[in-house]
Amino acid sequence: MPDIRTPSSCSLALTVNGRPVTLDVPAHALLLDVLRDRLGLKGAKRSCDIQVCGACTVLVDGAPVSACTYLAVEADGRAVLTVEGLADGERLDPLQEAFIEHGAVQCGFCTSGMLLSAKALLDEDPSPTPERVVQYLRGNLCRCTGYRKLVDAIVACGAARGGTA
Amino acid sequence: MRVTRELALAVPPGALWTLLWDVPRMVACVPGCVEAREVEAHRRYAARLTQKVGPIRLSLPLDVEVTEVEPERRLALRARGRDPRIGAEVAMRVTLDIDARDGGSVLRIDAEGRVLGTLGALGHGAIQRKAEESVDEFGARLREAARG
Amino acid sequence: MTRLRPFALDRPASLEEVGALLAEHGADAALYAGGTELLLLLKAGLLRVQRLIDLKRVPGLADITADDGTVVLGATARHRTVERSALLRERCPLVAGVARHVANVRVRHVGTVGGNLAFADPHSDLATLFLALDAELTLWSRAGERRVALADFVRGPYETVRRDDEILTGVRLRPWPAGTVSAYLKFGVHERPSLGVALAATIGPDGAVAPARLAVGCVGPRPQRCPEFEREAAGRSVAELAGRAAALAEAAADAVETTGDLHGSADYKRDMTRVFVRRAIEIVAARAAGEDPHARYPYTVVV
Amino acid sequence: MRRGARGDGVSGPGPLRVVGQSVRRVDALEKVTGRARYVTDLELPGMLHVTLVRSPYAHARLVRLDTQAATGVPGVRAVVGSGDLTGCDPYFGPAFRDRPILAIDVVRYEGEPVVAVVADDEGAAAEAAALVDVAYEELPAVTTLEEALAPGAPLVHTAEPLAGHFADLSTLRAKPGTNICHQFDFERGRGAAAFADAHLILEDTYTFPRVQHYSMEPHAAVAAWNEAGELTVWASTQNPYSVRVELAKMFDVPLGRIRIVVPLLGGGFGGKTYAKLEPIVGALARMTGRPVRLALSAEEAFRTVRRCDARVRARLGFTREGLLLAAECDADFDVGAYADIGPRIIQKGTYTATGPYRVPHVRLHSNAVYTNTTPGGAFRGFGVPQLAWAIESVLDEAARRLDHDPVELRRQNLLAHGEEFAPGDAPIDGKFEESLNRAAHAIRWTQGAAADRGRGVAMMLKASIGPTVSEAIVRLHADASATVLASAVEMGQGARTVMAQIAAEVLAIPVGRVFVATPDTAVTPYDQTTSSSRSTTMTGRAVQEAAADVRDQLLHVASGRLGVPAARLRLEDGAVVGASERLAYPDVLEERFGMGGGELIGRGVVAPGRSAAPLGGSTPFWEMAVGAAEIVVDEETGAITVEKYVSVADVGRCINPLQCEAQDEGAVLQGLGHTLLEEMLYERGQLLNANLVDYRVPRAEDLPRVLECRFVENADGAGPFGAKGAGEGSLVPVAPAVGNALSRLTGVRLRELPLTPERVWRALRARRAGP
């Protein structure tokens, strides 16, 4: 059987952090590798590589996905948001501010995934209860903080966003 | 994984013993065994085994070495092989003990094996089950062959 | 984990095209929808293929539709879609509720019902719940279409009756009639569930249960219905069920096949089946009486 | 004022401006914006990628290596077995140089690297790796302590182990002909003889499981040699200076020719101490003449390092009044296939086996035992969790037998402030009773738990490293900003922020004007290691001294210019001020250098050196923490839920309270991991659960409903502003506190971790079945 040495390549047209991007990728390219190695967006990290830990979370049309196990071709025509796209220039997103304020950042390797999952949660449920945050973060592991400050930061951000600070 | 079975067969130990050494008929009895040939008479054999564990296809050459021979009483062998495509290393030990029993014979099968590499770890549960199914199938085919 | 080896991606727009591709490439091709299991097998190097056949552009394969009293979930319907489906919320509320607890939110956005069922991981929720909904799977191939009951579809861990040339196109559920009270409980410490219990009691006008449906999953090679339990429960009032919950649960537990693995030993799984069938009965009884049991147990999801 | 625990700060010289405040982390902005760079993100021009071919066998002889097919794969630059590693010492290891870069003649654990494939990209490397054909001849393996210690057991290492580089381990005592590669003994008073006078003697054996650090960033390293024959390694390591020693020895070059650069770490927890990947990437970079990158997968980290599992027999003797009279301990630690720093772990962990209590008569013995499993290495607590699990459980049983309240029994045995722990070692430097009282108060110990709740308490004591050395340089620039050069590695614990706070406090400039350089052995001065909770105390004091050196220079120059004695001047808001005078730093530098440039350089060295202490040097500080747990048990499933957990640590001073809190909350959750959830499972030498689906790392839902991490701050530490080390202590009491709570609530005493639902269920069933 022919070993595919010249993989069929697909041309993609998508937006990444609000910017239009067009590039050709082989069919087997993973979104995580395209973001990191082709577009230089190193914020999303490869950790467990099996969709469990969440360190590679990015949003595709607002939905959180595991970029480590998501073919880049699936992002064609869609809007991808990575952590690099959260801030507006130097003005941080409220979640980024809340993470710093509450001490929810330590080694930082899970932080990108946590921020984007939290953003997806707040987009869906503007002021979630701590229990809802804990349930939603089932797919985001952190080995440093013990989660207390992450939950506090997200709940506080939700409350502030929901105007009930 | 470890599978032990006891099998009553219609043929006396002598006939069973001859059957066990009949390579082509043994190939037919061992599920997934597609070929086998003698490398060194009564000592070493080369076989090829294919198995499907869920969606995963395993196909590997087996180096079979006979380790114990007690005519009409006991046959023990060791088999090892590697499927480079999926990086699975298989190591098996099979001991067959034969006793005469009311005209026929009783075959006690003791198969112990390990699948090493990623498949061995991830497929841990499924492999034990597949091994049991295979030994049962072997027993059924052997009983059929013995009757024939 | 090794990198993905190169493959081509086909995106057929009809079942016939899929069939043709399967016929042409056979074992060198793999069906692909969400990829939540397939891509992991490819990355682990346990599977090698030259092409992926993407099912997501085959029209209608992701729809959730009502069809003369049954509900059909298209194979490429995502868990997230199932979770939010108004039709399912109305006809099979438990299905929408359980879908919300599959894996994590990212897998739910990408993974599909068909992929989950075809992979047949013994530690999963959908097959157990669907078994209690007398699910029937539709398998399409160029030779024609056949329908297989879920109980016959799953042969063992990761093994189903689907032939290599067949595509799972959908699963048909028989919603429980009005007046059915139900609960799904899933227990386990690990990433995947160690135990799943689906209990549905249809209460007739005379207050008697006719019938009861009980499915237990994750503890054995495949999800299992509990016919003895269902016979014992039939004709009794819910109060009576609650009264005999311990004995009924014990009987159900003794009947299930359990196998030891990293999640626990066979006898522990049998005893957990006993515990959670009883708890399911108690919850169903409370719900039948209009109470909200809001039962909470550690490492347990109650839907 | 930012939220965070208010230490009941003791005023040092004048109110502290920056130390003691929960200032914003200096590395927070780059981390929340995704700009933070880790070794795994590094790309160098011409960089090649490495994939390792690993042994599927736990113990086997290497019969034949066929790399022919692999070298044919397009993009492959080299396929390397140990035979191809010329021109370097192929063995490394801090205690014994027993670990080969690539397996030599024999593989000693499943997953051991055998062949390295170097290629243009990871895809080609992986494809070639699958084509490498290695023929093995399986050898009998020992994969548990029982098997390894059985008489006549197969030996993991047959040859005499070569001594490693670190002098203090030169007294290594392997037991020839056995799998024991080191032994440690410690006696005080009349040793075991004193048991004869004891009113009550309790003895039991406890086991601690093999668990994984599970840093979110698996190990990674990039190496490159330049034309001048200098090696630079960008490594995810906690001690660049130890790695530098090992590589200099390995390639036989002067230390100055090896440069280790450590950007941010994605977690470490001890798993990134001492050489791990640096030897292989260094060797491959030299062979190929190209930069080489190796980034492990999470599964491979399980086959690189783990915590040493242990079996501890503990025996305690009490007087009638409940005073500890004698203690005896025999601890076997499973160090896996290679010793790594295991020999030091068995010493450190056993030395403080008796915890923070006064025990006049002690006999302690521990063994480091080889098995054919992933090598054990340093992991948060460094042997103390393994011992405390046994001792604090036996202590709780004693409280029951003596009908003493468990808190009271501990209180009456606590060592007092200033008391001697062991002859020649530092006296106790904390008022431990305050921590115990605060923990008991916070969990409302005296009010008694509700019927369905169990409470347990546990304490711990750990010595840090002695002898030890930390050096630092502070440079004050002409614009009154400053750069701190120190080699404390930032792995999430907040070391970089702490160093900035200390320098900013001494130099009276804003934290935002202090820049802490990336650890780089060509730039930042010597620091022994970032582990053992020592950075704030030792590196912190070196930074404090270096900043004070700059301060004295400022005062001296200003004194000359202002004609005011230096003693009547002080620093305030970036200027030297006297009663009425004020000279801003730029002007002081202008005065000193006669021009707009120049900088003042200060140096700090902290090196307490050797002492008569049993481990070769006195501990610079004692780390002590208390844990109190309140649990509920679902007796039908055996599942334990920690409803409330209180941790109190005696830290002297929180330099950054919010960071201390986050560190201890993380320590408690990591402790809950080995207490309830985590265990690496082997079956006849094969590791079965090296992934997150089958190895359960704590998640947000495992967070106790109430988790309080509090601190006793009496400014009585040897560190800057009275600080002591923290971050390891709070992990240790979790297992015994939960185990004791389980015993109080259900009467079931489990001696094996983790306390999984099935284990608790089985024990409850046995209890119901009765004696």
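Chains here go by letter, A, B, C and D, matching the order in which they are written, and residues are numbered from 1 within each.
Rule of thumb we're sticking to: contacts are C-beta pairs under 8 Å (C-beta built on N, C-alpha and C of every residue); 3 or more make two chains touch, one makes a residue touch a chain.
Note that this is a predicted model, so its numbers are computed, not measured.
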Highest C-beta pair count, chain pair: A-D
Rounded Å distance between chain B and chain D, as computed from the means of their C-alpha atoms: 49
Cα-centroid distance, chain C relative to chain D, in whole angstrom: 44
Distance from chain C to chain A - Cα centre to Cα centre, in angstrom: 29
Rounded Å distance, chain A centre to chain B centre (Cα mean): 50
Residue numbers of chain C (touch at least two other chains): 1, 4-6, 45, 191, 262
For chain D, residues contacting two or more additional chains: 130, 297-298, 688-689, 691-693
Overlap residues in chain B, where contacts from two or more other chains coincide: 85, 87, 122, 124
Touching chain combinations (by label order): A-C, A-D, B-C, B-D, C-D
Interfacial residue positions of chain B with respect to chain C in the complex: 53-57, 85-87, 118-119, 122-126, 128-129, 133
In the complex with chain C, residue positions of chain A that touch it: 1-5, 7-8, 10, 26-28, 30, 49-52, 54, 57, 63-66, 69-71, 73, 117, 120, 136, 138-140
Chain D to chain A touching residues, read off their complex: 2-4, 22, 24-25, 27-38, 40-41, 43, 74, 213-218, 264-267, 269, 295, 297-298, 491-494, 658-659, 661-670, 691-693, 697, 699-701, 703, 707
Residues on chain D engaged by chain C in the complex (per definition of touch): 51, 122-123, 126-127, 129-130, 297-299, 632, 634, 636-637, 639-641, 676-677, 681, 688-689, 692-694, 696, 756-758, 761-762
Residues of chain C defined as touching chain A within the complex: 1, 4-9, 28, 35-36, 39-40, 43, 50, 52, 80, 103-107, 109-110, 191
